[in-house]
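By written order: A, B and C. Residues from 1 in each chain.
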Amino acid sequence: MRAALKESGLASLVMLALMALMVGVRIADVPGGLEIQWRYADVIAALVSVFFGRLGLILMREGRPMSMAVVGGVVSVVLLVLLVIAPISDAEPHWARAALPFSGYVVNVLLLIVLAALSLRAVAIMRRGPISAPSQASESVMDRISASVQEYSRYIVPFLLAAAILFPFTPLADRQMVDIAILVVTYVMLGWGLNIVVGLAGLLDLGYVAFYAVGAYAYALLATEMGLGFWLCLPFAGMMAALAGVILGFPVLRLRGDYLAIVTLGFGEMIRIILLNWYEVTNGPDGISGIPRPTFFGLPFVRSPAEGVESFHSFFGMTYAPIDRIIFLYYVILVMALITNQFTLRIRKLPVGRAWEALREDETASQSLGINPRNTKLTAFGIGAMFGGFAGSFFATRQGFISPESFTFIESAVILAIVVLGGMGSQIGVVLAAILLIGLPEIFRELQEFRMLAFGAAMVLIMIWRPRGLLAFRAPTIRLFGNGTGKR
Amino acid sequence: MLGTFEYFVDQTINGLTLGSIYALIAIGYTLVYGIIGMINFAHGEIFMIGAFHALIAFLVLGLIGITWIPLAILIVLIATMVLTSIYGWTLERVAYRPLRGSPRLAALITAIGMSIFLQNYVQLLQGARNKPMQQLFSGGIELMREGDYVVTLSYLQIFIFLLTITLMTVLTLIIHRTSLGRSQRACEQDRGMAALLGVNVDRTISLTFVMGAALAAVAGLIFLMNYGVIDFYIGFLAGIKAFTAAVLGGIGSVPGAMLGGFLIGLIEAYWSGYFTVEYKDVAAFSILVLVLIFRPTGLLGSPDIEKV
Amino acid sequence: MTVAAGIVESAHPLLDVEHLTMRFGGLVAIDDVSFAAAPSDITAIIGPNGAGKTTVFNCLTGFYRPTVGRLTLRRNGQEHLLERMEGHHIAQAGVARTFQNIRLFSQMSVLENLIVAQHNKLMGASGFTVLGLIGMRSYSDAEAEAVELAKYWLEKTELVERADDDAGNLAYGQQRRLEIARAMCTEPALLCLDEPAAGLNPRESAELEDLLLFIRDTHDVGILLIEHDMSVVMEISDHIVVLDYGQKIADGTPEEIRKDPAVIRAYLGEEGK
């Protein structure tokens, strides 16, 4: 017991050091300088939570889950009641709000979640005895899930596809939801594109946004300067991005994993800085506006088209609805994403695709089998960049305006996170991760300020929990016996 | 003015000041890389947290009335180093230790995740706006004069150089003269063997993170005092440039990190002084790429013969 | 005519190593080593630890660039100067190798490992990906052929049953055999094996010997073998080269090597060394 108390004490001491200045004091901007505000109530609440939480954990570990289950359960219920009452009670003073341990509402919710999870675990231990090696157990559960996702992908994929195609016609699809869907699918496409580079070829690219930017600017410049249409520019923008990928990749692709990561990050930033400062061409931080929207085989989506041009709604004899254009954009990106997906699935079964995977597994051995590492990596880098460029063009035409601000490192990190968290190489994993990381935060707008915080935390937690990603499962590209039913 | 020797000296002093910051951060990258072979991507954020700790500590001291500058700086220095190094310790304990032995990629993603997390953590707690601080002491020694153009070495810069040199000396002594330094060098060579010989590997790695974070904290303090304004985003660029410095010097080599830090600082100062300020970050990145391509072992790194 | 004399007399050995020297900084790993390997012979390179055997392999397969020396591979009347070529070109010229620490593509299936080994052949058939992407017939035929070759070597190495399993999940001895099968799928003229018997039990060693003899006799492939297990070496080698401290100290048939005083000294460490 003494040891347990000592350990809990130490844990709260560390917590105190972490919070003493950073949480306990807030720098407030006041006219004429800075002022400090004390926030020690939060620090004390955190210390108490950590002390007792740690103590409870130690007791659980020693096979005495009783106190955790009882105390944790009671406190959870009280917290839950307070959390429900706090926002709805109008009584002054706000007794429910005052009774909550932390000043931030979300922090209280977090505490409740952790506490409730611990109490449930304690109850589980009481009923079934200690759970041995919990991380291993969860590992195998997730492995089984990802294996069965793979196995039933024959049914899951058509279902997802049908859902994606029918989505704009469901009652759910108001303008905002379709917009979010467009965003999610854009990231799915970017994820699938980057997956070629990271998942298949194992090249850690932290500067993928550079190619997204090249595609966007290539289209924007061609369209605004030379008046070319979206569909004409699309292949060209993709080629420009691929070219950029090959030029940047050529000198650096022989670097080892994490060095390559940092160098690609540097390239990403360099391209952004160039876009920011090359006024004559890119218009600097002001960006490029007035980028034309895509047309449906030459039919624009406008209420009153220019002289001699027929618009989409009049051609099909429909009344004009602004959402038509949004839905059209949704289908454009959906088709582009699906092409990326099909391309990846096919190329994986071709010699290049297998060589990518072989290089990822062992470069030395691949070379000893006659695979040219540099060229093979360059194709992966170039093709990945090309899809990034396509997505960039779409981004430009959808927004109608682009500026260097849209192409920061954080975008690269988000796309990489989608690939890695989904499970490297897993196509469905990318969809899942994009919905989780892009869709959910967009829908829960109120939590916007916590979005990136949760994002970073999710990256860390998922990596610790499943270092190979959520749905990491690799099916062989060719089989000697049967086809993929799991049995020989 | 641009062509004069005085201007050159002025830029050199600026470069060395900037270099002190990069060098102190770079040491943290190199120490960690040496011992566990990972790029601690969140190290720039530790520097940023150090700067915030320093600012908050100054404000608190001002509030409770400790205004004698030397004492205030001493207290802030110690508080910043201690509190920030706990962040370094926690970072390793919570995020990196569970992933030891996992694929390198997983560790790097975790580090990026931690970096994003810490940035937003500070932004949420302290707000996104710039935080300015007034200068603590002014004045300096006039070094030379050319017409109206006066080159001064400010007292602040003298303080910065003395502090940096002292810390580097102490660090070198720790690495070469203490049992902790011996354990670190043992772990660098062969972690498994070191463990067999009774070196507490976990503790050694933890202490390495603590040392790196403490130095980054000092870099944060210097940044705050020299530039007088910080925000939650300063860790990103400073971190990348310091990493460049570590690579330039030869990652894994502590003297290399120091040398690389000062070199990057000087290059950046000359670049902004003689060419264009806009592209100074491109200069740093270009150096990183060129070094990695042509001399991946850096200036002072030892060649690493690959085995099959 | 003795075997040794045969090697010397043969004007066109499969592989000629002349004055090979490799320095790392001040360290001389190989010092002016010359030897030849005849086609369809098993040539063993032996020597104590650190004698430079693996370094010879690494020079031969392009992993290191030799400081000095000439490495000539002769195949179908063509001469390839290996010391000037990059690793993948050496492999394409007909040198395949295995590694001391097994290097399989462990997350890929056994069959995929063998298909990857036929990369260059398939790459051509896939019209450098373009034709393959649109699903051309010629590619699927070529792939079926590649599978046949893979199946053949799987049978020879008794791995057919495991074809669809991840290579990383095979037992140690199976991984060693798979590495040899993978090297053979590149259809080499010279097969370099780096300690293939390491860690094998006596039964597996005997099977390995049979496999190597089969490769030599039916596939007209010269084998270069680094091995510590002297029973394996003496049993199957046609020709042995002995290295010590980076220098060649003996070269001859197993009989000759067994009696060579320099070799005995190197291995048993007599006084005067």
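Keep in mind that, in the parts below, a contact is a pair of C-beta atoms (placed from the backbone, for glycine too) under 8 Å apart; a residue touches a chain by one contact, two chains touch by 3 or more.
The structure presented is a predicted model; accordingly, all values stated were derived computationally and were not measured.
Between the chain pairs A-B and A-C, more C-beta pairs are in contact across A-B. Distances between chain centres, each the mean of the C-alpha atoms, put C farthest from chain A. Between chain B and chain C the centroid-to-centroid distance comes to 49 Å (mean Cα coordinates, whole Å). Here the CA centre of chain A is 30 Å from the CA centre of chain B.
Centres computed as Cα averages put chain A at a distance of 46 Å from chain C.
In chain A, the residues that reach two or more other chains under the touch definition are 364. Each of the following residues of chain C touches two or more other chains: 63, 99, 103. Shared interface positions of chain B, i.e. residues touching 2 or more other chains, are given as 308. Across the interface of their complex, chain B is touched by residues 14, 17-18, 20-23, 25-29, 33-36, 202, 204, 206, 251-252, 255, 257-259, 261-263, 265-267, 269-270, 273-274, 276-277, 364, 409-410, 413, 416-417, 420, 424, 449-450, 452-453, 455-460, 463-464, 467-468 of chain A. Against chain C, in their complex, chain A makes its touches with residues 343, 346-347, 350-352, 354-355, 357-358, 361-362, 364-373, 379, 474, 476-481, 488.
Put simply, chain B touches chain A in their complex at residues 38-39, 49, 52-53, 55-57, 59-60, 63, 79, 82-83, 86-87, 89-90, 94-95, 98-99, 102-110, 112-122, 124-127, 129, 131-134, 236, 240, 243, 247, 278-279, 281-282, 285-286, 288-289, 292-293, 296, 308. On the side of chain C, the complex with chain A involves touching residues 61-63, 86-89, 91-92, 96-97, 99, 103-109, 111-112, 115-117, 119-120, 122-123, 126, 129, 132-133, 135, 139, 143, 147, 150-151, 154, 160, 163-164, 182-183, 186.
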